[in-house]
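As structure tokens, here come the structures.
The two complexes that follow have chain A in common; it is paired with chain B in the first and with chain C in the second.
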Partner chain A sequence: MTTTVSDRIRLRGKKHQMLPVDTVDLSCFVPHNPVSWAVCLYKVYAGAVPVLPTVRFESGNFFAADWASINKLWRRGFYGKGTLSRSEPSWFNRTKRRLRLDEGTELSSEEIIAQRRHQREEFKRQRQELDALERRYKLEEDSANLARVEKLRHALTETKGRHARSSTPVEEVEIRPEDDVLIQEGKLQNIEVLQLSHTETLFLKLIGCIDIQSEDGPVGLKTAWMQILGLEFTSEDSRLLRFIAYAHYRSLGWCVRSGLKFASDFLLYQRGPPFQHAKYTLRVCGVKEGSMSWIRYSGINRVVSGVKKTMVLSYVTSEWNENEFESIREQMECCSDDHEFALLVADLVSHYRVDEVVYHRWVANRNRE
Partner chain B sequence: MEQEEDDLLNFDSSNQPDDDFGEVIQDWAVVAQKYQGKKRNTVPKRGVKDAEPLAQESTTYDERMLSEARNTMYEALSKTRRVPVPGNGSMDPLTIRYDRQTGEFYMTQPKGKFLETLGKTDRDGKTVWMFPEEAVFLVERGSCIAKYSDDDSHVLSLEELYSMAFANPGDYEKFMCYSHLKRCGYTIQRHAEYDEMIPLVTEVMVPVLSTKRFQLGHLANYLTRSLSWFRRLILPLVDRIGLFCFNGGLSRYPLLHPQHFEFSRYFRYSSMFSQLQTVFLRPSSHQEVQANQQTKYRICFNIWKPTPGFRKKSPPVPDFQVCVIDVNSTNFPSFEEVRSLLGRCDSHTVKKVERTSVATGPDDFKLKYGEKHILICIIDQGVMNFVRLNDSSFASEGLIWQDQWLQKKKFAPRKGGRKNRRKQ
Partner chain C sequence: MSLMEIIAQNLVHFHLWTSIQTFPKSSAKGTPHGVVRGVPPKKLSETTSISSTGETESSTTDKPDGDTSEEWVLPLSISDKLTVENIEQIFESIRSVGSYRPKRIIAGLLDDDGSVVYYFIHDGLVKPRS
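Our next item is the complex of A and B:
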């Protein structure tokens, strides 16, 4: 997502954390004011009151449906994806604007992109016109007019992308057949949910940052694990390796999101999608799986370098003797307590190592100096 | 002469926006301009394609453009090319000898500028021994001719030369890589692994983990920027105590307990992360790698960027090292193979811009290009492509999250890091 400078400032103005839990805020501390000491002491004593985001579990999907949870999961670490949006759940605001229910809201990334596409089309149309003119003058051997066209073309390319903000296309209010159902009691209903990927759910549940609720009541860590990985996994299970890589980079403070669009497993953002583009894509590789052909890798690299990212091969390696792995797995099967289960998972994870190898295409003519 | 050729090559490459080489249409205007003695100061930009005729039947405009282009070509061709061709009287041909018994290439009475980087000179300086690829390259280029050592009458054809020089499978691919890089202006020599053993065990450097490098510059920066410096000193202390009493060993609800965050006291997100890292951070621990002697990944050539004053007797540390493999018979290397290759190679990444001490955030150059790198030349039936693999360690860059992102001064540009990046 390309954002203009003003977008970035707007987004940076909001607080974005990396974990959906709170810290105790001691910013009220003033060294020379004893009252503030007392306030701080009380805050430390009381702790941050955690309101964990609630995640619903229905038919194999984990998603957050209420606003508070959605906001928390998105703003604090950019977890999940809006089911009706590209990534940030913005359907509600977009629909509001489409129906002219609220003029004040800011443009969402989808709308900014639509605007940009519109401008690009306009540019192409103008360029086509100039091309037609040029052809005519060439046939007429009219060199004076040809020079003029060349000047016009130059001016057109110069101004390309200049007025990115100003030309908001003014559209008619567009009423669609489904709008009757969407508006109830004069208010727009939010029908969008934030869907969490399995890896995200597992990570958040493991560190105790979300509550999972299903129709039959709360879902514990073990149940979630059973739903996602089952208990028949092997030590080289690709889902397990991906989870380990995910947790590794998350614990380093990177914002890790799905890299499906770039033929990779994950994208690494330094702060998050609103702030800058991801610079790295990760491909999680097990060691024992047969290595792929060069053609596959160079194909992936073409996609990745086409969007100016760096392709990182993340090798998750392990040294197990068979019995050890089996015994942990059996303990996990028998275990009923969530905390014990989490410790077993930690034990499992501790047998793995994550290494990186970076893949670049190299061109002789460009590396001489 | 060599300079001239290089110039031309340079020219072609700068003309292309994409990486693909060899598919450029010759622009005769460029050549003509070159031989007219005009000095080129700027790299010409690629213009709009103008090759298509305007209409089915010929138009005056098309006719004129065509004849103009044709005249430029004739003009360019009419100039004398200053490339000496051996044997046509203007120059004595240099002769490379091929010994049929030993299968070695050598040159007696050595002369020529190319010997600065090529071949191995005897102690007395009278004979230069050459590897097959070097000999073939010189003959193919037209700098030399080749003859048998015991038969002066017969000049070897390229076909004969090829059949003698590239006896082993894979030799021709290696020659392709060699001659391509050579023509691009690099200095290139055989690496010991070309036809010898690979050292058995290689030590692999393990990157040093640093959660946060303490620097005096950081501290000074910290103090001068912060208005309430006292709070900054107190907060980490409180944080430590909090970690110890509420979140760590003394707590009834340690990390990974479902109620952990309910009863924990964290004052900064970075301390949350450092807790998470105790469980989830899995940095590398490999120390040494056993080299597999059967591996197809052998370092074939050392490569240097064109540098004046290169001495082939005591070459500096190579800028690159390359393995040549055939795509159809070789898969992407396994992790162990990559580790072993990176352990064996000794070309280090040279950093162009030093980071200033003020810069915060990860060192992107280090993450991207690592400390060591290896080139792999992959060849598919004559089509060549280079891949560069290098090590990297995200764990050694420490925590990416910065607590100051949450501070109130959000509109000010982030200190240092941004400015620094722009410079690069």
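Our next item is the complex of A and C:
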């Protein structure tokens, strides 16, 4: 289940869905044609029982383990992350290819990156050889050979990054004892799951898009909320502010994913990881908490601008009078009905607003426009 | 799965490390979640560190069996906080379970979406790469 290049083209043409829900296509509807009415009615009834992705809850983690749920969560909105992959769960296909159990599928992003790294190393090695030659000829004052080295160097830089796929070395298959235990009756066992982050789980559960199951049976919204945020939170709780920011940008149609690798809270993708890089990183800021020092801001900004992204400070602010906040919190504590609980959460979230500030390093003699 | 097992699985099946050995925190005292020893598929970047006496030495010289590619990974959760004193304890704890003090360890940070981010922690100064 890898989004390959051909998938990308196919997905690009489609109107993309940002929620893992089943929709009914009613484009066949023609108001003055009674037959189309019947077709539409049938379609609505046939699709009337929604099948929600199942998320398992075990030892503090939320994850999807069956292909149907994984597919739905990943393809519709890019939720979750393969525990053994960079983002999309591609471990199964990758490993099958590595162990020569199946060669038919297209390359995953991890494999393409490995190829590029291999090429770059090869390029560096060749360049180093030329450097050594150049030094030798310079010492020997051998101008004819120097010119030849210069030509070779030119040719090397020209071909850099050209041969995209052809240069992968065919290596011997090496089945490690660690791999061997995963192969049963010649078939590879899938050990990868799609793990949802806490904010993702809470958001999807709040809007009723997933079923959560634990060993003790189904997990409702309130139970999930208590596992993730507890009920002792304050109006400026950083986990609460992160959740509010997450829900805010998801609601505006952004694909929001973890920004841990870039010293940020979230990354904002316009559509999703298979299509283009994230343009923005988000740092969720409260107003009352002590602000960071300028040195930290500029440190984060250096990381973020180094990967050509824009650093956005997302201020989640609220104007509560304390009694009002406490009353909602207490109602949440006493509430036993999940639907009511969802309404209380919606009420809580509606007291916050989200504003952005873009942090950008300004260089006087470069940024003239 | 415990945090240490998650990191160990990530090393074996994502990054293709071999010869993984885990030491729970009951034996590796002072570590928050235990420690993992293993061999990466390709040798990680060599570093030259400067010892407290001012002599430069290669990072791998004091490994007993001459196995130069062995690494130590310290599993951490995103909410763990480490002080310099803790890190010193962890190096010493590795000395007691692994019989030598490594020149560097690798912190493996686990986020709540299952992603693991790795960072080197060196014991002392490291010469910049040429």
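The rule we apply is simple: the second predicted complex is superposed on the first by the 334 of 369 C-alpha atoms of A that agree within 3 Å, B and C clash if a C-alpha of one lies under 4 Å from a C-alpha of the other, contacts with A are read in each partner's own complex, and residues count from 1 in each chain.
One rule holds in what follows: a residue touches a chain if its C-beta (ideal position, glycine included) is under 8 Å from a C-beta of that chain, and two chains touch if they have at least 3 such contacts.
Everything numeric in this text was worked out from a predicted model, so none of it was measured.
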Clash or fit, chain B versus chain C on superposed chain A: fit
Touched partner set for A:Trp91, first chain B, second chain C, both or neither: second
Which of chain B and chain C A:Ala65 touches, first, second, both or neither: neither
First (chain B), second (chain C), both or neither touched by A:Glu200: second
First (chain B), second (chain C), both or neither touched by A:Lys261: second
Partner chain(s) touched by A:Ile328 [first = chain B, second = chain C, both, neither]: neither
Partner chain in contact with A:Gly80 - chain B first, chain C second, else both or neither: second
Partner chain(s) touched by A:Arg176 [first = chain B, second = chain C, both, neither]: second
First (chain B), second (chain C), both or neither touched by A:Gln270: first
Residues of chain A touched, compared between chain B and chain C (which is higher): B
Overlay on shared chain A, then closest C-alpha pair between chain B and chain C (Å): 13
Sites on chain C touched by chain A in the complex: 1, 6, 9-10, 12-14, 16, 18, 20, 78, 109, 111-115, 117
Residues of chain B defined as touching chain A within the complex: 9, 13, 19, 21, 54-55, 59-61, 180-181, 184-186, 228, 230-231, 234-235, 238, 242, 246, 255-270, 272-273, 276-277, 279-286, 305-306, 320, 327, 330-336, 338-339, 361-362, 364, 367-370, 375, 378, 385-395, 397-401, 405-406, 410-411
In the complex with chain B, residue positions of chain A that touch it: 9, 12-13, 15-19, 21, 23-24, 26, 29-31, 44, 47-48, 50, 52, 135, 138-139, 141, 206-209, 220-221, 244, 247-254, 268, 270-271, 279-280, 285, 287, 290-298, 301, 310, 312, 315-317, 338-339, 342-343, 345-346, 349-350, 352-369
Chain C contact footprint on chain A (complex, rising order): 59, 61, 63, 80-85, 91, 95, 176, 178, 191-193, 195-198, 200, 258, 260-261
